[in-house]
Amino acid sequence: MPPRVVTVGARVIDLNCDVGEGFGSWRMGPDEALLRIVSSANVACGFHGGDPSWMRRTCDAAIAGGVAIGAHVGFPDLAGFGRRHLEMSVPELTDAVLYQIGALDAFARTGGDRVRYVKPHGALYHAAAQREDHAAAVVAAVGEFDAELAVVAPPGSRLLVAAAAAGLAAAAEGFADRAYTADGGLMPRSQPGAVLTDPDAIGRQAVALAEDTAGGPADAVGTLCVHSDTPGAERVARAVRAALERAGFTVAAFTAVPAAP
Amino acid sequence: MPPRVVTVGARVIDLNCDVGEGFGSWRMGPDEALLRIVSSANVACGFHGGDPSWMRRTCDAAIAGGVAIGAHVGFPDLAGFGRRHLEMSVPELTDAVLYQIGALDAFARTGGDRVRYVKPHGALYHAAAQREDHAAAVVAAVGEFDAELAVVAPPGSRLLVAAAAAGLAAAAEGFADRAYTADGGLMPRSQPGAVLTDPDAIGRQAVALAEDTAGGPADAVGTLCVHSDTPGAERVARAVRAALERAGFTVAAFTAVPAAP
Amino acid sequence: MPPRVVTVGARVIDLNCDVGEGFGSWRMGPDEALLRIVSSANVACGFHGGDPSWMRRTCDAAIAGGVAIGAHVGFPDLAGFGRRHLEMSVPELTDAVLYQIGALDAFARTGGDRVRYVKPHGALYHAAAQREDHAAAVVAAVGEFDAELAVVAPPGSRLLVAAAAAGLAAAAEGFADRAYTADGGLMPRSQPGAVLTDPDAIGRQAVALAEDTAGGPADAVGTLCVHSDTPGAERVARAVRAALERAGFTVAAFTAVPAAP
Amino acid sequence: MPPRVVTVGARVIDLNCDVGEGFGSWRMGPDEALLRIVSSANVACGFHGGDPSWMRRTCDAAIAGGVAIGAHVGFPDLAGFGRRHLEMSVPELTDAVLYQIGALDAFARTGGDRVRYVKPHGALYHAAAQREDHAAAVVAAVGEFDAELAVVAPPGSRLLVAAAAAGLAAAAEGFADRAYTADGGLMPRSQPGAVLTDPDAIGRQAVALAEDTAGGPADAVGTLCVHSDTPGAERVARAVRAALERAGFTVAAFTAVPAAP
């Protein structure tokens, strides 16, 4: 089943979360439940989490639920879950990202769909947001694999700029459970109130981010991330989706929305 | 550059060898030299050898030389170079093979070509030849990825039978440097004379295998393997090719030869 | 704190369980709770589970609770959690086991104790029980590292025989939650009733095994395994310990009991 | 055979090189030849190179030749050969270093010797030289394992300072094939003449460094590194040793020289 098609003109927002991050006998988040709530699934590709069998199960479940599949590419560091920066060269990183996209796409196609977008994971997400070389490597790999793929990155990040410069579709990502500063940046985790835990507050934050998007600038948020590895992840994700729908939004994969002319 | 097209009716034989089996800073065979001699390249996919950057370099070199790219899929065992049997379940093995094909295909396509065939490596080569479950897993993964891909396996093996039963193209593989028994099996390595080392003898053996093929049964040898990890690998490969050409054979990728009607 | 010393003449039984089997961000069993119940801890050494930081945390917790530390050595197969047979040669396997014991001992000694015994994990447990070559490799590694270390293996297994022949201390292991056949073997999992799930039944089984030990033959059970990776593992372990204590047994590390003269 | 004991008062210098850096079927340097030339062997421990069987072979060969064994500890990054920085926390790094020392020591002791010193490899060598946190992690692990172990680090590095502050023996390391600046630092590789390739020039450089040591300050060079992974490594190592001996130096393991009172 392909991602849901969105009526043009509708107030639409995408919800994404990380899934398929188990490894062999080890599990991570409540994938099955989350895949019934979100519209886009960032599927781990075996470098920071996931393995071939997790990838098949996760792709199959995403496709069955009409959830768009994204390649959640990371540094090759299972022991560190991709959260530790690894100083790879641009060619090494380009090749590592291309490898992961290709491997995941095999499972997506076997299930009848394909990879729709790429979102870096963990330390690579931060590195590609802040460093031109890492952003360039991710963009190069995506462009080589399929220039129709979109990229997910933080608003104002180097990755978003590099993707746009290369002609790739890109979606700026907001976090429903993180407080923002007045200038639009994430409040550092070290500050009180930086991480929201109350489902109602998270729901309000999600709606506020989605409202900005509806009338927003070019890099306004196009997809909202709900975390999968925090306690109560499923409950929070439900609250976010319910709040968005009460506010009149349709939750749908951003990759299924036709780009504006 | 695509694999060379072969004139119908010509005496044609394929030469394949294993390449791209380095890992990070470690090298294995004389890839560059061998890719100027053979017509098909079995490219390691990161499970028993190879890594994303080796895969790119190897695919690029194969494509530049007009050599067909095959996925050399193995058990996930870098420390053992894929030569130790790992008791994977059929679903696990199917997923592991599919992952490797997908990853390699990304590099082949980036270079302008695509994966043309699959040849299991090491312990998986032997397991898929002898066991129905392992043969079924390899065939399932190939069929899921692309039913146009061919499979390389020993004559009379379960893998060859399973591939044919599934409607996949398949090529039986001969070894130019191994002695054969009267009934067509490989002479066990423990017997004297089982492994040929004299280039002239290896050349004669190659021609004999190719002659059988020209008028042979359905599972006659369609591709000859020259080893890449033995001393003098390059010299032996050159001798094999020269002997075949002197005997009137054209060396060309078996995947480029139109299947008989 | 060293393992508790047991009064000679007491009815004593050891309870062991697998701990430290997380890997990086992934968790496995309820280690903290189990380490308050058992007397011997089989600590994963990084090959099938565990990593350096898990090993430190687990050794520290075991030592703090007076629980004896055993090296839970496995095949190098994180993706398969050590449950898939890997056909290693005797020298390879010997070296792999020695490596794991040495690494774990560094953490045990840093915490003020040392490795007391070795118990193979998963597929290696079964292989060393049934195959002489694998049993020989485990025994060789243990003997090389420290001939004072004990070995844990199934009653009647090749590993138990090989350990005894090499002069190593050894303990036969029983399973409180598995049904036994009349001749003392484990009932195959495929048969109804093979796996006990009722805590009371498991407690009775534990007491029966311990009673046999008290007056039993040379390879009577000396240590009982409680599983850590099944639902309700903590509750079952508590039930087993309570049943043993009600029956008059002292639960203590078998490595702390002086060998009979 | 223990490391050679050095007569007090003699002009003595240590030659070290990296060995055991193969992995499975892959080889790296000419270990056997180098172990007949140097006095100290930095043995890879499985994280950047090496595996249990390489470790046994390398320890056995070092011990047979009277060469002191050092733990060549690295970041867990086989694909990058430990040459890429991995941003590990201090506890993670401490645990990773302790694990590697413990594993190697098991092989050294099986051969009748033990690990004598620790030298970080590649990116960890540079990180521990420049960053206090990484230096602290290495020193903590060494101290935990055995406070008699020495540490090898560049002159003036944070690791050398931290080791001294912790009461560990330490040896400053010079490079016979690298040009030095007037203030004692390594000339950057980007400058012409930074890397010496002429064996005679390398020999003269080695003697100059050793002469400085004989009458030098506290962090004068105590061990000279000869590379194992460059073309002609064996020939260069021979030239260095011959030049030192012609200049009246005895080549001997620094860990075998009694510390000054």
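The first chain written gets the first letter, and so on, giving A, B, C and D; residue counts start at 1 in each chain.
Here is the rule we use: a contact is a pair of C-beta atoms (placed from the backbone, for glycine too) under 8 Å apart; a residue touches a chain by one contact, two chains touch by 3 or more.
Since the model is a prediction, treat every value here as computed from it, not as a measurement.
Asker: Matching over half of the contact pairs by residue number, can you pick out the copy of the B-D interface from A-C, C-D or A-D?
Answerer: A-C
Asker: Write down the chain pair with more C-beta contact pairs when B-C is set against A-C.
Answerer: It is A-C, judged by the count of C-beta pairs in contact.
Asker: Distance-wise, how many Å sit between the C-alpha centres of subunit A and subunit B, to the nearest whole number?
Answerer: Here the centre of subunit B sits 39 Å away from the centre of subunit A.
Asker: Express in whole angstrom the distance between the two chain centres, defined as the mean CA positions of subunit A and subunit C.
Answerer: The computed centroid separation for subunit A versus subunit C comes out at 43 Å.
Asker: Which subunit B residues touch at least two other chains?
Answerer: Only 51, 79-80, 92 qualify.
Asker: Hey, which residues of subunit C end up touching subunit B in the complex?
Answerer: Touch list, subunit C to subunit B: 76-77, 79-80, 84-88, 92, 123.
Asker: Can you list the subunit D residues touching subunit C in their complex?
Answerer: On the subunit D side, the touching residues are 46, 51-53, 55-56, 91-92, 95-96, 98-107, 109-110, 144-145.
Asker: Which subunit B residues qualify as touching subunit D in the complex?
Answerer: The touching residues are 22-28, 51, 78-81, 83, 229.
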